[in-house]
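First, the structure itself, so that you have it in front of you.
Letters A, B, C and D name the chains as they come in the text, with residue numbers starting at 1 for each one.
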Amino acid sequence: MLLEVAELSVDLPTSGGVRRIVRSASFALDHGQTLGIVGESGSGKTMTALALMGLLPDGATTSGAILFEGRDLLKLNEAQMRDLRGDRVAMIFQEPMTALNPLHSIGRQIAEPLILHRGLSNAAAHAEAVRLLERVGLPDPVRRARAYPHQLSGGQRQRAMIAMALGCAPRLIIADEPTTALDVTVQAQILDLIADLGAQSDMALILVSHDLAVIAQNCERVLVMYGGMAMESGRTDDVLARPAHPYTKALLQARPRVGARRGERLQAIAGAAPSAGAMPKGCPFAGRCPLTIAACGEALPAPVMLGGDHMARCIRIDAAERAA
Amino acid sequence: MLFIRLEMAGASPAMTMDLNWTPTDEMGLYLFQRFILLLATLAFASIVVFGVLEILPGNAAQVMLGASATPETVAALAHKLGLDQGVIVRYAAWIGGVLRGDFGLSYAYDSPIGPLIAERLAVSAPLALLAMLITTAVALAAGVFAAQRRGKSGDVAVMAASQIGLAVPNFWFAILLVLVFAVHWRLAPSGGFPGWEAGLGRALGALILPALALGLVQAAVLTRVTRSALLDVLNEDFIRTARAKGLSRRATLWRHALPNALTPILTIMGLQFANLIAGAIVVEYVFTLPGLGRLVFQSIANRDLLVVEDCVMLLVAIVIGVNFFVDIACAAIDPRLRRRAA
Amino acid sequence: MSEQQGGAPLLEIADLVKTYRLPRERLFGPRPQLRAVDGVSFRVTAGRSFGIVGESGSGKSTLARAAIALEWPTSGQARLMGSAMNLAPRAALRKMRAHMQMIFQDPYGSLDPRQTVARIVGEPLACLDGISRADGAARIAEALQAVGLSATDARKYPHEFSGGQRQRVAIARALITRPRLVVADEPVSALDVSIQAQVLNLMTDLQQQFGITYLLISHDLAVVEHICDEIAVMYRGRFVETGPSEILLASPAHPYTRALIDAAPKLQTARRRAPAPASDSPGPKTGCAYASRCAFAQSKCREEAPALRPLVDGRHVACHFPL
Amino acid sequence: MSDDRFFARARRNGGFVLGAILVAALIAAAALSLVWTPYPPAAIDVPHKLLEPSFAHWLGTDSLGHDVVSQLLAGARISILVGIIAVGIGLVFGVALGLVAASVGGVVEDVIMNLCDFTFAFPALLLAIMLTAVLGAGVVNAILAIGVANVPIFAKVTRALGNGVLARDYAMAARAAGKGPVAIALEHVLPNVAPALIVQATIQFAIAILAEAALSYLGLGAQPPQASWGRMLSDAQQFMFLAPRLAVFPGVAIAMAVLGLNLLGDGLRDLLDPRLRARR
């Protein structure tokens, strides 16, 4: 296994006290595999991604284990983490405009990790940056390398971000909502690009998104998060075809679909997600779930294995099956 | 009006992408445009300075000679100063003279004002530079130090010190410095200026307390600006990107955070320069330094209006000029700013 | 334009153009202009909600604001129930506003944080003459109940509500004058999926309950199709295709519509690949604006801009070589 | 936000509490001086000049035999007067200009904002010097100069934040409801920029006190026999070797007043609007 996350929890201090943002998340990923983490705002998906990079906000504490290439990242010191970041693990962020330094040329920013981790000279790193820009499909890469971020379009900026992440041929790329800020047609191109590059070089990919459809089309395996908890995980085909958790089911039915009858009522999920400050002791979905019983609110539900590595954390799975 | 700075109208910023850009053109165009703006601003400032002294009630010659002067002497002085001519003629004569380096005649000293000002600038300019140097060095160091330790004791200490710095008037701080270093320890002169011919050491020695009084108090504001600009930048996404590349916190700070924080810091320094000039006038007074500020006060006491006019114009021109260089420096640092001016 | 199934047009947009002036690029050069909306005409009939789909920068939001006179067109007209809004005197326009309201994208930015819900929801009412205080309070309570909030929520401030609830408050504000036309600019795109469904359901309910016709702006085809009977696809300030929703989405005639449908992520694991990475640089000055990205572009496309022309099935398409 | 919560949070904000106490003390001193001072502040008593602090004169007397405590109390009055009027001038004209600039936009906004930028080249002291050169020294000119220098500061703050408010959808919603630009400026923009203006006003108040002290110190502000902290310092400087303590008390008074206002302003910024977190 390239990556094994076991019982990862993240606590974040806020003005209202310490909040548990990620609650006992476990998942694994091998070389060349793709995993999608899907969740709504506040589900803890971004914090999970940042925990893998060791880039949690100051003051955050973690428990559990993140085994990457056999080493527990949570036990590494800052210098050891720095050697991994940008070299073995790279990250692509949501907003390419703000994620790029406005004062440095694109080429300089792509060259930076090459100089840092590969020890390339300035000139060699810049030449490599131009090659990388070409690889991510930017026309006229020599001139684009000299351009500043504000001189590129959103799609071009995200391609530059990807070139930066690819530079040192990392084993794992984490992409946090890489296409949310982009238009639909550009989004499709960027997702294709990420998929192609991953396949070419046997990189593993973690794609974080709020959009289940984006993940369905791009990831072999999926992890559904809600209220800091991994509700359901497994092969994407299995989860989409036979969703076991009431939340996953609700999520699948809540979206309007192209070709559906107009005005047809959507299966809305009543209420709103609990805030991190008011998280129930038990299942975070308990308040909104149609199958809630008293026991749901009492303890964090244990993982239930459903064949293969299909897992769901719900004590009402049997009832959910019957309801379906 | 020419000096209007046109900012991007509300129009969609997503569409301002320009693929035919070349960097040198952009900077050159910006420099040229900013220079035109500088000239227009200076011209406008000269009209304001001239206008204020013009519009205010009272015949200038009457003001100079006092209420007891006879109408004949007033008329004679008015003629001598050219006050009996039209407003536009007088403005043209004044500004034309200033451009040729002829600042006119001082009525009280009965000598050309140009050399008079030059002699005073030899004290005021080094004082301002020294103070600016102290401000910048202290503020950048303290601001970066505090931002890196946000919320910790070092930060709290710097912030508390700067809060006191904000509250202490620079002239009182100057008096306190005199009390401690000149009156109590007798380490430095309590005032006066021996002149540059007395030797660099002695001349600088006379300037060091005034420069400290000016510089340290100004540093309080700039420290806070530096800290807050840096904290703003440290919250940006690209800082996280830099760390995700494997850069250390230190390298991230120097390579990514500081350059981005520099434009707001420079902008505030430019604005502060006006306060520094004003502060210098007061501090010169405390230390009885023969600088520009003193010349202004003597001229007010002497009712030497032309000298006041020239000095104020000079100070305003310096402030405007400094802000011109600040804008150029900001555009050199931040490529996005080069497209702003029009 | 699309076939009119009887009835006077509720809203009619005639050859609307909106240009913005950009900062000049050289000192004495002319200020370049951006044609955000470049000659758009359409009609919205009562009872048939109209959706405009497009990507960022297509001009769809500008068009929506011009449609309810929040933006002054550079040329062309917007007529509500027959009267031209840009020609109407100020007082008359204010009266007309009672018939048209707007719902915004961001439920956090669309409610003034310093006003109570009662004041926010009652604002359009306060701009009308002859409504007593008691009447107003009753109408506010009624509007809040219609969107699934309680009358007691009127005393609260926006920060006491969740995102979905805030959007309900915004919808209540749009309802209060009992308008016939509601312009909704991306009403659900800032909301989580589980909340989106609640708001979309509410919007369809109100459509039936109060006889509201929507002018819906969205980048999401599924959302537009869910609410609207007619769809227009907008690209760089122009309509490239319009027509009844089912037909347009089932068999798009314009290559851009096709690309939008194909690019939208779907809940299937198998995926059609996005079209070859077309450049996203601005199009040429002449010809079809989409030509530089179009997989089917021919030389004619780069020379001559296609006009919007009718197809047999009630659609209109602006393409020399419709699919 | 309810009032209870405001006060609960205010009590926990140490800087705010200290600032409030200092400002209350400043106001109390000025109010007290209206009805009672140990001695008449302007009373010259040359036989008792330069006395050390004693029970009769708590902080001693100055070179003309003025009682220092009485002068300090009376000096608070001038400080507050200058602060209120100068900040008032800045608020009234600055906020009006800023609202007009933000609401009208276009060329009007450009002209107003460029004029504001331009006036930054004329600090209050230079303005005061220009006024004094022709009109003569006095507290009125000082107030005028400080007030005029305040105008562009309030104009810029109002315009910048006002544009932020007008860009929000609720301003658009108000237009869609049929509200005119004046109603929007008063009902939406002003209430939303008010917290920042209050904070700015506190800080400008502090700066006005500093400026008045400097002008009076230079002899361009308060004239004898008016008691003013700045003027006390300029008198004290002449007797620095004989009675250095005289140069300490008025300075401490100025610093405490300014510190109090600044802390109050920062505290208010935290309390009124968490988005404007105090980092100044």
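As a convention for this text, contacts are C-beta pairs under 8 Å (C-beta built on N, C-alpha and C of every residue); 3 or more make two chains touch, one makes a residue touch a chain.
These numbers come from a predicted model, not from an experiment.
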item	value
Labels of chains that are neighbours to chain B and to chain C	A, D
Pair exhibiting more inter-chain C-beta contacts, C-D or A-C	A-C
Rounded Å distance, chain C centre to chain D centre (Cα mean)	49
Computed distance of Cα centres, chain D from chain A, in Å	52
Between chain C and chain A, distance of the C-alpha-averaged centres to the nearest whole Å	32
Chain centre separation (chain B, chain D; CA means) in Å	22
Where chain C touches two or more other chains, by residue	56, 281
Residues of chain D touching at least two other chains	none
Multi-partner residues of chain A (each touching 2 or more other chains)	153
Residues of chain A that touch chain C when the two form their complex	40-41, 137, 139, 153, 155-156, 183-189, 191-193, 210-214, 216-218, 236-237, 240, 250-252, 254-260, 262-270, 272-273, 288
Contacting residues of chain D [partner chain B, same complex]	105-107, 110-111, 113-114, 117-118, 120-126, 129-135, 206, 210, 213-214, 217-218, 230, 233, 236-237, 240-241, 244, 247-248, 250-251, 254-256, 258-259, 262-263, 279-280
In the complex with chain A, residue positions of chain B that touch it	14, 17-19, 21, 23, 236-238, 240-248, 256, 259-260, 333-336
Residue numbers on chain C that touch chain D, as the complex places them	65, 68, 70, 90, 93-94, 97-98, 100-102, 104-106, 109-115, 120, 123-124, 126-128, 157, 170, 173
Chain D partner contacts - residues on chain B that touch it in the complex	1, 3-7, 9-10, 41, 44-45, 48-49, 52-53, 56-58, 60, 63, 163-164, 166-172, 175-176, 178-179, 183, 190, 224-225, 227-228, 231-232, 271, 274-275, 277-278, 281-282, 285-286, 296-297, 299-300, 303, 305, 308, 312, 315-316, 319-320, 323
